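Could you have a look at this structure, given as structure tokens, before my questions?
Each chain carries a letter (A, B, C, D, E and F) given by its place in the written order, and its residues are counted from 1.
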């Protein structure tokens, strides 16, 4: 996460503006004061957002000093100090809420992701995210998902092509759909098809796709289907034809991850760590001034 | 919620950009196609985000027609159709994820808020939100909170002044803090003090504040404290001195709302519907094309 | 005024862009030169805009050194030096006009405000501004008004609710209007009604408003009306009902402030220091360049 | 004034955002209502800003209908109706203040400019503006100046090159300064020198400038100087050398315009209509709904 | 190319602003006039930019009617009419230059691309672009490259991972570099290594990359290397291991395309159509008005 | 070129964003590494863009050190080092392509301009550019044109007024067109007319224009026309009437510059260095790390 990318800094600025509005009404009570504070966690979890929080403080006042006591992706336990900050009191107060909100949200995602990833330990299956992310936070929430041990699926509509039922219907079938899409898809981006049954999966493989999203197909069916699809892929001909295919299950109940993992698939994709996690509760405590 | 406010439209645009990136790689398979689709819910809840979703579709293509089957703040039941949309296939596909993400998030908040508000039925106590909101979504998440039956607390650092422990420490006490703050606070914005014990509460009332946030004070203590504070307020002198004070409890366990409500306070503020709610699961289904 | 708020810096940048356009055509005659200059005033008045002017110079070149010889809100007399600046000649020349324009305008407002505030000395009445401000300068002009000794009215349409005649007509009366508005107004923002006669004022008080704007009502009428309205407010019942009301007169001829002040009102609001003031004439003088 | 230029629309949007903030708190009392209103003037003057006001209404809601009863640059008399507007009540209320503020300011400038232009009637001298304009309003205030009958001086630092005392000092004299500047100045932009005495004026003419700004030189001195400078210009040699020079007086007391006009100069430049004018008082009156 | 994507419209707006600046000085001579015009080409070539030109006209004035006589990707011959446009004269004049500049540039790229693609006819080799694109025009220049028959390489640093010599040096070798990169690369984005000799190529294949960029390696060497690399890839083990690899040559003299194509590689990447092409000369001709 | 102008920095940021997208996928392989590199040229030419490239590096990371070995406008020879850079490896890699793309493009323009300027050596004729510039790069490409020894024509539609055939047709002739335009044109901006034959040229001079663009008129005709037009201009009467006119030829074949120069015109304007030049090939080479 390169914190200096201009669009990211603009986004951080927009969040500071959101809370500050026309100006903190209390800052005239703080003028000229210098303060220090630390963050403490009220829960266990996996941390995410340290560099972002640091940047938020520094965007408002470059003289603020932030000391990160934990790195992104590391675990913390209740009562642990996460971060120390020193600087003009009006800056600390002005940034507090925005920095906490962001970090609590991202750490909630990292923590929930790690819990699911743990259930896949000992398997070759990886946990992938989806495009179900909070508007405006896509890149950061996907970063939190990685901090929790997951792997990212495509970042948007433009870095991989995924065909769904309706693309196929509108284009008149998988083959014409793929043909059209290959004219615009840069060669380094993969083409994926979402299927709802074994027949579609086989058709997609024959059509040469790089990955198949097997949506809401039970582990029972997958047990037979997965090796069949791999076999089919390995026979694709032509030197540019991939003999390999990425098989991904979605629509998986988090309680049932092991059953899916046992089917030989490569990936399980889930939105749960992003759509069903709670924020981790952090608190900023001010210390003796001067 | 005036959907035409320029900053809101810019925000919606930025969210479309976020998912579209350099362009949907599949849209060449959809060129010239026209489609229709509807949204269906897989859970019960309270709806929020209809006008926003409509605007997202129309921002990308003004010719898209959206038919809202439910209004913001109304309840829905599993399997219910929420919205119908018709237009160019490439637009429907391009906006689908962003519009769903936003609406699922906001409806999750409205639904969680309504559940808590219901627990306060029959009391005079209202449920208020906090500034713990997702960066970038402050106004919309607070709107969802209202759709669920709650009332908004201040929107940012600039529309009301809230003094916390450290403001008071830095300013040298409640009285000098209030004096400083009154020079910048527009007269129509209220001044609130967050207190952690009864003594602070009494001092704040004597100093003339409009509201007191009683943080993590138990119902037992509040039972005696609330009437005492009201009595104290009613004796404030001078025609500009308010005889009334807004008493608000925070740090309240959602399981314990009734006990707090019974103490005679005016408000309970909670971040739970925003920081601890799950998204409601909606799905967009495409229908027969022509 | 926190000068580092991102939106404020963007605004300052846009003003530099406005004058610089595609680039100062004279800067090739200044390359490599280093200069110093000071600002001098050709009139008496109250200063406003020092931190803003400083920031304008530093936005274009962080190496510029600005030495403020006067603080915002302080008075100056003709011929006094206000500010000294050193740095690359091309920066000094490029920022000169924008920084002077802003400061001359804001000091004009502060000076005009102070003149009116002085007329209210010895009374309990405060001078408040209005929403008649130059587009784009709302926050800064209101800051200048405070520097002149005034108090701010609401900052925009969103930090307090003011009902006017037509709101009431459209909503079907004061009671339904207030009921609708209370669902969206955050509790810390006050609700005000603008009235044109005593009957409306009494109705508004009974409906529970926090403030009444008495527009173009003569001092004669106010003399009797003010105590009556206060009495009425003091009898409002219920512990959440405010017993106090803010009474504000508008449409007041500046020559007549004392007569209004004598009626017992709390505030006089006026746009005159913003809509009818002249800029104070400052000049930037360059000094010997080595 | 092409109202559709993207930067101008962005500016209008930013002004709507400024007043609307997080949203008009009263608009829930107006939902579904449709209204009409007209603008009336409480003073005489010259109108400016009709298309801008129209665009402000339409930016927020394209269905609003605006009927301009007066064109920019035309005069109005007290009590005259200027503009009629119909549309959703919440839009009318939301735009009212911003549209009035802009138009009242611009009409104030046009009116003040016309008053000075009138004093020059019967002479060949034109009134020009300066770069003393409100930050953010440069193009619009200069447009208002034209509506009042004036002519614009340069629009910024980039559309003409003006050398002042310090440019000349830093560059080591008029000749080297001009040489440097001619490498960057596009040929269609003129080069002007500001002088403070006759000797500098003569030197500038010999150096080939297009215009001379005679700052704070009395009419007495100008009477002799003007013909001398014209004579000198007419003898400049070389086919690219202009035989003509634009002579401009600045630092002119508005009471003294005729005396300066009689000296044979071409232009008098003044900031007074922009820095010393009051807003014209317009009012928006709502009419019977339905 | 979805012309309605918000960022694209903002870009078009910024280009209109660039030419219009503070406003077209000639538009007062055109007020109220309505005109029509057509575009004619003075050279043969492949067209690109029709929808973009149309959008430029419509952004400034939605009432302008544009009739495209040729589609993007189609060829045109000298003297052919390409586009007709009708609307307010001031809009036609204001947009003319910007729309022509864009279309002439993009058509130049499409034309140059098509010339190279033609040289590869009858082979299985495709022509790919690079990241050498004009700042600000990346997506559009890559679109023009597709219009000329080429295929896009990655769009930026974020949609595929390409390791170069220094990545490998800094990371301590290909294997650790790939390991690090796989934690952040979304699974649907391919990983490519740029190599300068056969040994590096073999190492990269063993490390499991998806593609190899063979930079400045001669056809002679490639003749033997290509089959060897394919053989090596086909023996990679594990079901997730791709048996296929994309082989791409760069640093190819355009005169020498056939020799490279004969080596069995998959792609030739070149920046020449973007960095070495001339604009096609189009002209806008106005027709009789009314 | 003042590199700190806010709009220019925003433009540089937008270009960094364009290549970085959602983030460089390889930067995790570079974390914590520090590197150095230099730029080398593979061709001869004139350099342009050093300060811009420096700023691009520093925008992403202020700690990067850039050492320019050549100044804008200076010539370089094949194999020469142009620039050295040191800093965090991830920054060097992230900025490399954008900085090279910009500098290679601008140096291509400067080099092509210098070649044409050289052909005019020994004449009094200057080479001017046109408004045919890449959208978004107007100011920078015109700067490159100056670095190559050319002079700029107007920068946009707003800093000089140029009448073309259709302006004249729509306005009803040259005289009414000029009359209209003079009301909006700031006095320091010149008025130019583009003509296609001698008669139009004479009419334009009589109407008082500052410059005439003689489009596609042969040197033969110009030989007689130029002195005639100068004679005509010298007889214009009135002290404000310029006796001088700028005569400019356009539509000139670069092979034919000397023939045009010999006709006595002042300027030849050409778009060729911008629309027909190739990028100069620069390469960034990384050096031993640590």
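Assume a contact is a pair of C-beta atoms (placed from the backbone, for glycine too) under 8 Å apart; a residue touches a chain by one contact, two chains touch by 3 or more.
Worth saying up front: this structure is predicted, and the values here are computed from it rather than measured.
Note on connectivity: the fewest chain-to-chain touch steps from chain A to chain F number 1. Between the interfaces B-F and C-F, more contacting C-beta pairs are found at C-F.
When chain centres are defined as mean Cα coordinates, A lies farthest from chain D.
With centres taken as mean Cα positions, chain E sits 52 Å from chain C.
Chain A and chain B, compared by their mean Cα positions, are separated by 24 Å. As a whole-number value, the distance joining the C-alpha centres of chain A and chain C reads 45 Å. With touch defined as above, residues shared between interfaces to two or more other chains in chain A number as follows: 14, 20-24, 27, 94, 138, 155-156, 158-160, 183-185, 189. Looking at the complex, you find that chain B touches chain D at residues 1-2, 4-7, 138-139, 155-156, 159. Within the complex formed with chain C, the residues of chain D that make contact are 11, 14-15, 18-31, 33, 35, 89, 93-94, 97-98, 100-102, 104-105, 131-138, 155-163, 165-167, 169-171, 176-177, 180-181, 183-185, 189, 275-276, 278-279, 286, 289. Against chain A, in their complex, chain E makes its touches with residues 126, 128, 146, 151-155, 158-160, 183-190, 192, 210-211, 230, 234, 239-244, 246, 266-267. Those residues of chain C whose C-beta lies close enough to touch chain F in the complex are 13-14, 16-17, 20, 22-24, 27, 59-61, 90-91, 94.
Across the complex, chain B meets chain F through its residues 21-22.
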